[in-house]
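Each chain carries a letter (A, B, C and D) given by its place in the written order, and its residues are counted from 1.
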Amino acid sequence: MIQSILLWLAAILAAPFFSGLILKIKAFFGGKKGPPLLINYYTLIKLFKKGSVYSNSTTFVFKLGPVISLAATMTALMFLPIAGHNPIFSFKGDVIFVLYILGLGRFFTIAAAMDTASPFEGMGAAREAYFPIICEAAMFMILIFFYRITGELQLSAYFAGNTTQSMWSSVGAPLLFIVLSFFIILLTENSRVPVDDPATHLELTMIHEVMVLDHSGPDFGLIELGSFCKLIFYSTIISRMILPFESSIFGLPIVLYITGLLVVYVAVGLTESVIARYRMDKVPQFVLTSFALAFFATIITLEFVK
Amino acid sequence: MIFNPVDIILSFVLLSVLFSFGTDRVQVLIKLVGFQGIVISIIPFFIGHDMTTGGTVFTLATLLIRGIIIPLSIFVAIRKGAIRRLVEPIVGYHASILCGLALIIGATYISARLDIVSVSGFKLLEPTAIALLVTGMFLLMARRNAIAMVIGYIMMENGIYLVGSGLSVGTRHIVEFGILLDVLAGVMIMAVILRNIKQTFDDVDTALLRTLKD
Amino acid sequence: MVEIVFAIPFIAGLIAFFLPKFLGRSLLVVIGAVHLTLSFRLWKNHPPAYFDQYFAVTPEGMLSLLVISLLFFLISIYTVGYLRESEIPSEGLFTGSMLVFLATMTMVTLSDHIMVMWIAIEATTLASAPLIYTHRSAASLEATWKYVLICSVGIAMALLGSVLVAFSMGQANSGTPLSFSALAGAAKTLDPVWLKAGFVFVLVGYGTKMGLAPMHTWLPDAHSEAPSPASALLSGVLLNCAYLGIFKTNKIMVAAGLQDFSGGILMVFGLLSILAAATFILKQNEYKRMLAYSSIENMGIIAFGTGVGGLGVYGAVICMLHHSLIKSSLFLSSGNILLGYGDRLIKNTGNLVKGMPRTFVAFFAGFAGIAGFPPFGIFIGEFCIVIAAFKAGFHVAVTVFILSLCVIFAGFANQVMKISFDETDTVIKMKESISMVWPQYLLLLTSLVLCFFIPDSLNQTISDAITAIGGGLK
Amino acid sequence: MLGGFLSLVLARQKTLSRGIAVLLLSGGSLLGLIDSAGKLLNPGEAWTSFNYLDLFSLSFHVDGLSAFFLTAIFAVSMMAAIYSFHYMENEEGGIKNGVNYFFFSMLIASMALVVTAANILTFMLSWEIMSLSSFFLVIYGHESSENRKAGYLYFVFTHIGAMFVLGAFGLIYGHTGSFDFAPMADVPEAVKILIFVLSFIGFGSKAGVFPFHVWLPHAHPAAPSHISAVMSGVMIKTGIYGILRIYAILDFHTPIFGYITLIAGVLSGILGVVYALGQHDIKRLLAYHSVENIGIILIGLGMGMIGAATGNPLVTVLGFAGGILHVLNHSIFKSLLFMGAGMVLHQTGTRSIDALGGLLKGMKITGTTFIIASLAICGLPPFNGFVSEFFIYMGSFKSIPLGSMTFAMSIFAIISLAVIGGLALACFTKVVGVVFQGEPRTKVAENAKEHGVAMMVPMGILAAACVIIGVYPKVFINMALKAVQALGLDYGQVPVEPFGHITGNITFAALLFLVLVLIILGTRSIYYRKKTVTRSGTWGCGFTQPTVKMQYTGSSYAGSILEFFSAAAPLTEDHPPIKGRFPVKTHYHSHVNDIAELHMINAVVRPVLYLFDKLRWMQHGDIHLYIGYILLTIILLLFFI
């Protein structure tokens, strides 16, 4: 239990670092030196030092947005087994709860964006509302897949202990699809290239970044933190899926876990540096592929599980 | 028996039916109806029932009304409004005559099928009745002249009267009485309406009476 | 001494021809009241008839008689107001023939003898002809002409039918009088072929009068051209009288064990009528014609129910009662609308709810009732009929029944909504006096009350009536 | 319950004085509420029966199911009654209000009668009265032509639906020979299926199941808001009740029922929310969301039926309980939403979303409660919508291993639930964002204030209810379980234990989340105490003079999503292209067509009209042929002798 809590905190604290890693990689491929690895910590601290500017057209929802989205992601992390350890909390069906709590976070991010009456933020909000619909479908497809195998409805049943390992042994091939489709979901949900380009300079083409334009100071810090946590939430799952090995040697799981995370972030960085952002109307197809993959995988498993 | 007054009379009636198909004059029609009226109202004398005095009086009254009053009333209606004397057929005269023949044959056939003879002993009674009925119907459907239609109605009634006259005594009088009353009142009302029609449209061509429709 | 019930209005009617306006009107109401009381007394203590082989007090007759006198009383009250609002030529003739009409209809309900019944029904035709011609317009003349001619032809058919029924007695029981009760008694000995033939003719004949498709053709014209009180009488009670003839004949059929034959034919006619009504209600542009077609529909329903048998007959009788009440109220309201807007076309009316709120209430409530919504009784009737039809297993028939009811409702509702709510710039030409609204309210109220509570005595009468033709509750 | 009726009857007389009416209505509903809730908490069955016309009997029977629906009905109607007090105040014409209240009370009474009716006749009677009274409430504003159209549509649909129900009942009576709602023993299965289909169509047309929902988006905006709240909140649920009741009567567990219900549910769910996205009229939008939620309920019920068919108690109870609980939840948050919309309408006078904006500043309570309700309707924790959806999810997952067909079905259900959730979220972010946030787009929206205590109190209460059920659903789940028991699924006493666990978990998680939020909020506020907070205009991304017109409107917000569903929701746009270098004036108008409506017109109405037009020549006015008819009839008939 204590261990789990520690891990939870660790994950939250480590989140910015890994996000920084991505920037580093992109810079590397761009042939630049790039920002320091701890860049995100600096930004956070700077932000928290600052004061805030609020638009006249905003209401309390605007202030509530960051808080709730952060809280949502943190709650989600609580249910996630990190490095194969049992999560802090877990109950039958917590997956659904987690997914919906993330949805709650999204609701408030969007609401906060709409609060500013800025056309660009509205645009971003519209996209933020649109793409995740397909993502959720894909997520639930994956969920069905897992349920099909484990017959359970909680994250701990998928990623804690040696369950993941046994999954590989039983239905290896489909799981590959799942990993892939989950990676796509990760890209979409965390608004990375090719779905969204956080680094672009043109607000018209952004999704997430444009929505938080008006947030400033600590609020913006909270939002940033929240997005880091969200990213690490997804990548934790993937890392567990690609390195599911269980061992009694102390610390080895952690190491494996971290390596997994590294792999994921590097992969993200790679995609960001090699692929350009899709046109907005292409994005749905891209996301749908993830759904298709998951669906395919599930259908295949019908054969395996029989 | 070979010689049978009733059948002879009835054959006259059938003849009149044919005429009524062929004619194009209203007066002729009216005369025919009057003739039929007289003829069929004397039939009860010849049908084998024993005639009570009351019955006799009643039959005479029938004769009076059918044979004289009704035709006269229509004549009156005509003279009142100097109605055009043509019946304006929808079905042409020759076709009508053919129809008439067909009707009579059909009538005989039908009456042969339903053995009414068992009820009344005369061969021609039922065919004539049916023929009259259908003729009346035919006139009602095939003549645009309102008077011709009224006459058709009367013919129908005559037919029914004939059918009724086949009934046994006990129930006959009330039937005849009813029919008589009905024809009388009905024709009176119709005559009134005729006159009104004449006044309103100064014509009795029912083609004018087609405004009410959906 | 039963005959007095129709003797009084007859004589009064003859008198009324020559009375001045005011006296005539008051006479109308007075006779209505007298008639009402008389028929109630008749109902309470069945006195023997003087000509007992021609007249008798039968439960089904009593039902119609009660409806008739109640309706006539209320309608006569309305008529007084109506005559005040509208000017019609030769009012004496109008009131007189109203009364004679009443007399003849009463005679129908009381007659037990086939021929007398027939004479009475024909008499109703003749007595009501002047009513239709009241307005002296070309259209009304045409309507009258068609009414008289078609009905007379039909009735002639009925006469033939009666004669054939008489034939069916054959030589065997030539002694028995031609009264329905006697025939029903001796039904088993009757010759089925003649009986069937007779029934067919009677059905077609009285069906013409009752407004069953395809013999209904005179009905919309007559109802739309007649002044509203007359239309109310026509559709409220005249149709019932014709139905009575069929009902009584059907009684013989049932007694003779031919109910399948008669029932089948009745159901077919019922469905035909409902379909015909649906056809013409859907795109109707005159409200009085619409109401007339709705009468056809209801007659169809009644015939259908009678044909179904069992609980259906009960439903049919209930439908008959409530249809009389509601439909007559509707016609009276339509009379108000006609006076108010001075136009028969639906498109020239509108926004009744603002223009004539009182009439609107009566009209819309009546519509709801006719459409089979509780708390009005037709709901119960239709319910019973449908249920019974399913019970008897006429699935196809009842499907057609239900679907066409839906169509009719759609059309009817559409028109009524137009009348009630559409914008219009017509100025209302009449003010709603008490005497021209309360009769409708009372009629509807009666229907409403009868929907929830039927006094036992009445209930007894109903069940007597229907058990005779195999109408059972279970 | 009888007490409730008594005061309703009283209310009928005194309807002219608004206050008394409201008092009596709410009081009566309160009594009824207490009574039914009591019935629900300590299970007891109540019978009452009156002799009717000497041959039928009007009998009423309250079991778990009825009691559950009664609770919802009375709760919502009480709130609506209170709400109406201020809502109706500036309506002209006392008599009109009186009539309105008269039918309002009649509606409540008849709804209560419907869910307690214990035999066919009673049910039909109350059902029709319900339809009639609600129709009058719909055409309350009969001055405008679209309201009339709405009323007409509703009238026709409800009547045809009733006819279908009547047909189903007729079949039941025909085979059992009794009026009572008793489980049918020996009836051929084909007949049972037919009965189910008929009644499903009939009740579906009341409940607003796709494609019989056509009337719904017309009728609900037409009615006054508290009426829409009642209609959308509980009246359409009587349809659900009917389906459940019939299912219980049929006592025949075939998966077919489950499939029918589930597919209908999925269709209504997805299409409902898609159409909702396309709406500009806030009340129409809410109406379409009713369609969506009916869909969700049906998915739950369908799952339950499948479970029952495959003999899996857990799935069964999860499905049914989820569906039934969602009935209550939906009635709560939907009525709350309609009240909010009513407040907006009442204060700004417009229902068009794109004409509003920034209302949250003027209308704190309305805005907050509306947001809470939106969260609830999106099924987000920790609000009540989530609980029922959670149950349905559980049920669907549980039914995955039950065989291939069920597997397909449950995948279908789960995915569509997910999509529905996402779409609903999009839709309500749109509503909240465009109506309550941002800058006001019109003058009325700019200075819109709140008004009327009687309007705000119910909204507050309902919002509280949303949160309470969301955080502590145990009691309500038990209610739902009682209702499920009443279905007579031969499981006897439904075990409360496992579901107790589930609810416990939900409570726990919700609390956890709330605590977290509070912590962060607390730290944040403490942190901000010594911060400089300045206010300025929104960062216009380089635009120097941002105008309110530049805001993202609802249409543009939903545009891209609608494109995705354009197959099911064809979008007709009217947008003349901009001409010239200095474009003068242009306008944009879009409208989402309801395919159900289109096809209903093309496939049903037109043919019928055509057919009957062709028949009209019969009455052509020529007397000769009229007489011909008579002759023809006789000749034809003579053949049958």
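We adopt the following convention: contacts are C-beta pairs under 8 Å (C-beta built on N, C-alpha and C of every residue); 3 or more make two chains touch, one makes a residue touch a chain.
The structure displayed is predicted, hence computed values, not measured ones.
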| Set of chains adjacent to subunit A and to subunit D | none
| said: Between C-D and B-D, which chain pair shares more contacting C-beta pairs? | reply: C-D
| In whole angstrom, what separates the CA-based centres of subunit A and subunit C? | 78
| said: Based only on mean CA positions, could you tell me how far subunit C sits from subunit D in angstrom? | reply: 43
| Distance from subunit B to subunit A - Cα centre to Cα centre, in angstrom | 101
| note | Rounded to the nearest Å, the gap between Cα centres of subunit B and subunit D is 70
| request: For subunit C, write out the residues touching at least two other chains, lowest number first. | output: 145-146, 149, 153, 193, 197, 220, 280
| said: Counting only residues that touch at least two other chains, what does the list for subunit B look like? | reply: 137, 140, 149, 206, 209-212, 214
| task | Among the residues of subunit D, pick out those that touch two or more other chains and give their numbers. | result | 616, 619, 623, 627
| request: Determine which chains touch and list them pairwise. | output: A-D, B-C, B-D, C-D
| said: Show me the residue ranges of subunit B that touch subunit C in the complex, using the header's touch definition. | reply: 114, 116, 119, 133, 137, 140, 146, 149, 153, 156-157, 160, 163-164, 166-168, 170-171, 174-175, 178-179, 181-182, 185-186, 189-190, 193, 196-197, 200-201, 206, 209-212, 214
| Along subunit D, where are the residues that touch subunit C in the complex? | 52-55, 120-121, 124-125, 128-129, 131-132, 139, 142, 145, 148, 151-152, 155-156, 159-160, 163, 166-167, 169-171, 173-174, 177, 608-609, 612-613, 615-616, 618-619, 623, 626-627, 629-630, 632-634, 637-638, 640-641
| Can you list the subunit C residues touching subunit D in their complex? | 145-146, 149-150, 153-154, 157, 193, 196-197, 200-201, 203-204, 208, 214-215, 217-218, 220, 261, 265, 275-276, 278-280, 282-283, 314, 353, 368, 371-375, 379-380, 383, 386-387, 389-393, 398-399, 402-403, 405-407, 409-410, 413-414, 417, 420-423, 452-454, 456, 459, 473-474
| remark: Within the complex, subunit D is touched by subunit A residues 48, 51-57, 59, 61, 67-68, 70-72, 74-75, 78, 89, 91-94, 96-97, 100-101, 103-104, 106-107, 110-111, 113-123, 125-127, 129-130, 132-134, 136-137, 139-141, 143-144, 147-148, 151, 153, 203, 213-214, 217-218, 222, 280-281, 284, 298, 302
| remark: Counting only contacts in the complex, subunit B reaches subunit D at residues 90, 137, 140-142, 144, 149, 206, 209-214
